[in-house]
Amino acid sequence: MPSQENIADLLISCPEKPGIISTVSNFLLEHDANIIHFDQNTTDPSAGMLFMRISFELKDIDSAYGQLEEDLNTMAKDYAMDWQLNSKKKRKRMAIFVSKEGHCLKELLLRWESGEIPVDIPMVISNHDDLRDEVERYGIPYYHIPLNHGTKAQAEEKALELMKGNVDFIVLARYMQILTPEFVSIYPNQIINIHHSFLPAFVGANPYVKAFNRGVKLIGATAHYVTDDLDEGPIIEQDVTRVNHRSTAEDLKISGRHVEKQVLATAVSWHVENKVLVHGNKTILFT
Amino acid sequence: MPSQENIADLLISCPEKPGIISTVSNFLLEHDANIIHFDQNTTDPSAGMLFMRISFELKDIDSAYGQLEEDLNTMAKDYAMDWQLNSKKKRKRMAIFVSKEGHCLKELLLRWESGEIPVDIPMVISNHDDLRDEVERYGIPYYHIPLNHGTKAQAEEKALELMKGNVDFIVLARYMQILTPEFVSIYPNQIINIHHSFLPAFVGANPYVKAFNRGVKLIGATAHYVTDDLDEGPIIEQDVTRVNHRSTAEDLKISGRHVEKQVLATAVSWHVENKVLVHGNKTILFT
Amino acid sequence: MPSQENIADLLISCPEKPGIISTVSNFLLEHDANIIHFDQNTTDPSAGMLFMRISFELKDIDSAYGQLEEDLNTMAKDYAMDWQLNSKKKRKRMAIFVSKEGHCLKELLLRWESGEIPVDIPMVISNHDDLRDEVERYGIPYYHIPLNHGTKAQAEEKALELMKGNVDFIVLARYMQILTPEFVSIYPNQIINIHHSFLPAFVGANPYVKAFNRGVKLIGATAHYVTDDLDEGPIIEQDVTRVNHRSTAEDLKISGRHVEKQVLATAVSWHVENKVLVHGNKTILFT
Amino acid sequence: MPSQENIADLLISCPEKPGIISTVSNFLLEHDANIIHFDQNTTDPSAGMLFMRISFELKDIDSAYGQLEEDLNTMAKDYAMDWQLNSKKKRKRMAIFVSKEGHCLKELLLRWESGEIPVDIPMVISNHDDLRDEVERYGIPYYHIPLNHGTKAQAEEKALELMKGNVDFIVLARYMQILTPEFVSIYPNQIINIHHSFLPAFVGANPYVKAFNRGVKLIGATAHYVTDDLDEGPIIEQDVTRVNHRSTAEDLKISGRHVEKQVLATAVSWHVENKVLVHGNKTILFT
């Protein structure tokens, strides 16, 4: 397989128009890009939206990058394209927000440490100080920003300041606070949350207690982008695990943890590998 | 393994009290029953509810049955027991209610034909005539009872008359009508419905359209006992299948069919094999 | 979505060479084809094999078809391409081979009847007469070709004669006979078998007994293309289901049936929808 | 639910004989034990083996323990019973053996730290020094015992010495060495290994490369007790995860890691909670 050094991913969304695929593949050929994966989808080939993900290899990608972006802009105008170009050389920077429960955080750190999730983690931010040691032993800065009902605005201000210019996306790894619309608007489709239920079942707080009371036979977890509508953002990944009538609400919580960490880590991997496009309230996954 | 002929299942629910398990096992020993499986559960060993399922073999079970029931009644009084005794020789009798979609019905018929679900099917009842051939070729009577808003009471009356003395439990195999509380009260915890979603997500009508609009990554099905609260009865079994962003609402419906028929058939099997106890709004499964 | 009438799927395998994707997309644009899905893969973008599946819409596809094929041939020569073009209008013709067990056959017939698998079934061939009624009630011809050790060659001869010109691919829906290399060579990668184990575990006969004896916790099924190496052909789909220590070998067989029919039906769907490419002893799936 | 302090689990295997369940439940009643769960199984109720797991609560269990064991011994003689009695107060002591890969070790440590696996870990033993920091930060002793072909006997000797009187069972958390029959005989059915394949598929070394070459669609992991027959011991738990044709052998390895750690941690939980009985080459699970 090609060296990871010279690989980039191009994501495109645009209205359908005849010849787009030719145009894009010719564009890449003219720039000497060698296509590795080309995936395309449409909601309706005559009048819908078209989504593409193209991985390509380009020798000396660094020196070519500026021109490539410029030419993409020109092409994008003709086709009303939204596009993102991500070079594997330039890793995404992820901030992790946590409260007190560490299982999701730890799974992300393990997969980051092993190289499985190729991302940089410039900081972890928490409204509690509990998980500091867990984070600092990896050499990652840990910022404790305490929070109460009156101080949410200032706390978010402080977090935004720390992240400014250093963070591309945020993962809420069991962060038990609701973000303000102002905060969310600064990172549109760049905040990933893990909800500890199979949404839309058991929205809101205490899903395991609700699941226990309802007597469900499977419990689940949902990773989604955060929007202003609580628990209503575009779903990236979901999974479930089987429970039984012997399980207490506490057992559901423990079983749930393993699904949560797995689902969140998968969603983060896909986001990092540029495999997720958002359209309206849904995701298109190139997996 | 023992001959199926002389096997019976005893299901017991009662408040916890010291010595119950001894009492029950001694009772069976005195009646010369040979225990095959003994499963017991409790919500709280000092003050909760106790649930038991015991499979046993008893030579000449037919001649012993009457005395066994009488003695069970005596024991039950001392311990405030609810109990059911089911001999494998006496098959349960299942009525199937359908509307127009036949996939769940067909799966039940196949598993019945192969002997996998050891049940008798004295009749299929439908508000449409579409599935008559499918049913009659197995030699099973098919009753078409048309139905409109004004005639529901009469239609249910007619069905009850047909079933009287002939039917132990009812399976709603995609029967698209809501039963009246009067009807439900006649077969308490003896009506099994298949809901085409992973309840409590997407209660009510058109769950696949709702699931499509929400962009979920898994769709599911739920088999539950019918109560007066629509889609709120005790859950017997649930399962899910993975879908993707390419799936149309129609595709979800097709994928869903296979989960529905599998989940319903499993729930019916367990009911037939006396593996389900209902306590409040939950099921205890001896599986 | 576009009318299914004018849709075709183009499958291409060829050695990697710069510009192939441009060439193919330009080719389709010149022929006024409107691309719906474009999926491409490579084993190595500089020196490997490239695989493509393109679904496209073409007005008046019937009149354009001949020219399209001719031009594809020309393009194929330049790039050493293997290609298949399949119009949705021209349904594939599937022969089903069975022995005595009908569960896989019935699942295929149900999915065919509901339109879920868009295929024609010109005949079912069996070495037993048991399943005749099941097949004939759908109006599908059933041919009973008895078979013993001495008559395999003649039996295959007879089957080949019946199928000649009428059958595109064969499904062995629990056909308990090994085909001769001569027979297999006539339908290369066009014979789908269901093996009742999670291959390569439990190759050969009686996999459920072997699984029972080994005490596995999951049993599975494998759909694969038939080659001369028994149970070694390219795997199309696999799945598993959970069993437990209470399961007898007979229970495993029953649980297995449901996995078998599901896995085989899925594999057949993908084959019919032109979503499977074979390369060496592996399949590339465009699902 | 009852306090965990006074709970014990009794596991019994014995040949079937009428009245055993009465005898055991009367025995517990006479000792003032309050039964929480009573699960029983048989291979054949007239002439097979019977397996029981009984959880019970006993006030002042510490002072009663000695007499209970003595009386169990007496009862056991009459019925040729094998039995184990495990008080929740007396935690099992688990040694973990590792080589260089840490994912299974880390999962076990996380579940131990969170209290999910109620076990003591007196030591980790390794033939490499790589994972020392990971272990010591939890305050667990880490012993590096280097190993080469000539020194296996001495290395095992050293390990046995360290464990003597301190260790109840051993977990091979990706320990890449084959233990000698002498070593295995000292811990019969007390050594749990994780094999990185869905056994019996891909026995031996490099299962992911073999799985890649065979083109399987699911990869798995198997936790089993170690016997002298390599990869042939009683299976405790198995699970699988889906892979696709885009996956490289390296990708399979990464996906496999998550199944491995989950399967091993589940098997260890069950072992610690006395939910596993071994009979011949199979396990009976009370889960």
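Per-chain numbering from 1; labels A, B, C and D assigned in written order.
Simple rule for what comes next: a residue touches a chain if its C-beta (ideal position, glycine included) is under 8 Å from a C-beta of that chain, and two chains touch if they have at least 3 such contacts.
The shown structure was predicted, so the numbers you read here are calculated from the model rather than taken from an experiment.
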item	value
Neighbouring chains shared between chain A and chain D, ordered by label	B, C
Copies chain C and chain D touch via same or different residues, half shared test	same
Farthest-lying chain, centroid of Cα atoms versus that of chain D	C
Centre distance in Å when chain B and chain D are each reduced to the mean of their C-alpha atoms	36
Euclidean distance of C-alpha centroids - chain A vs chain B, Å	42
Multi-partner residues of chain D (at least 2 other chains)	1, 37, 41, 246
Complex interface listing, chain D residues touching chain A	1, 37, 103, 106, 110, 114, 116, 137, 246, 248, 254, 258, 262
Residues of chain C defined as touching chain D within the complex	41, 198-202, 214-218, 220, 234-240, 244-246, 281-285
Parts of chain C lying in touch with chain A, wherever the complex brings them together	1-2, 18-19, 21-22, 25-26, 28-29, 34-42, 44-46, 57
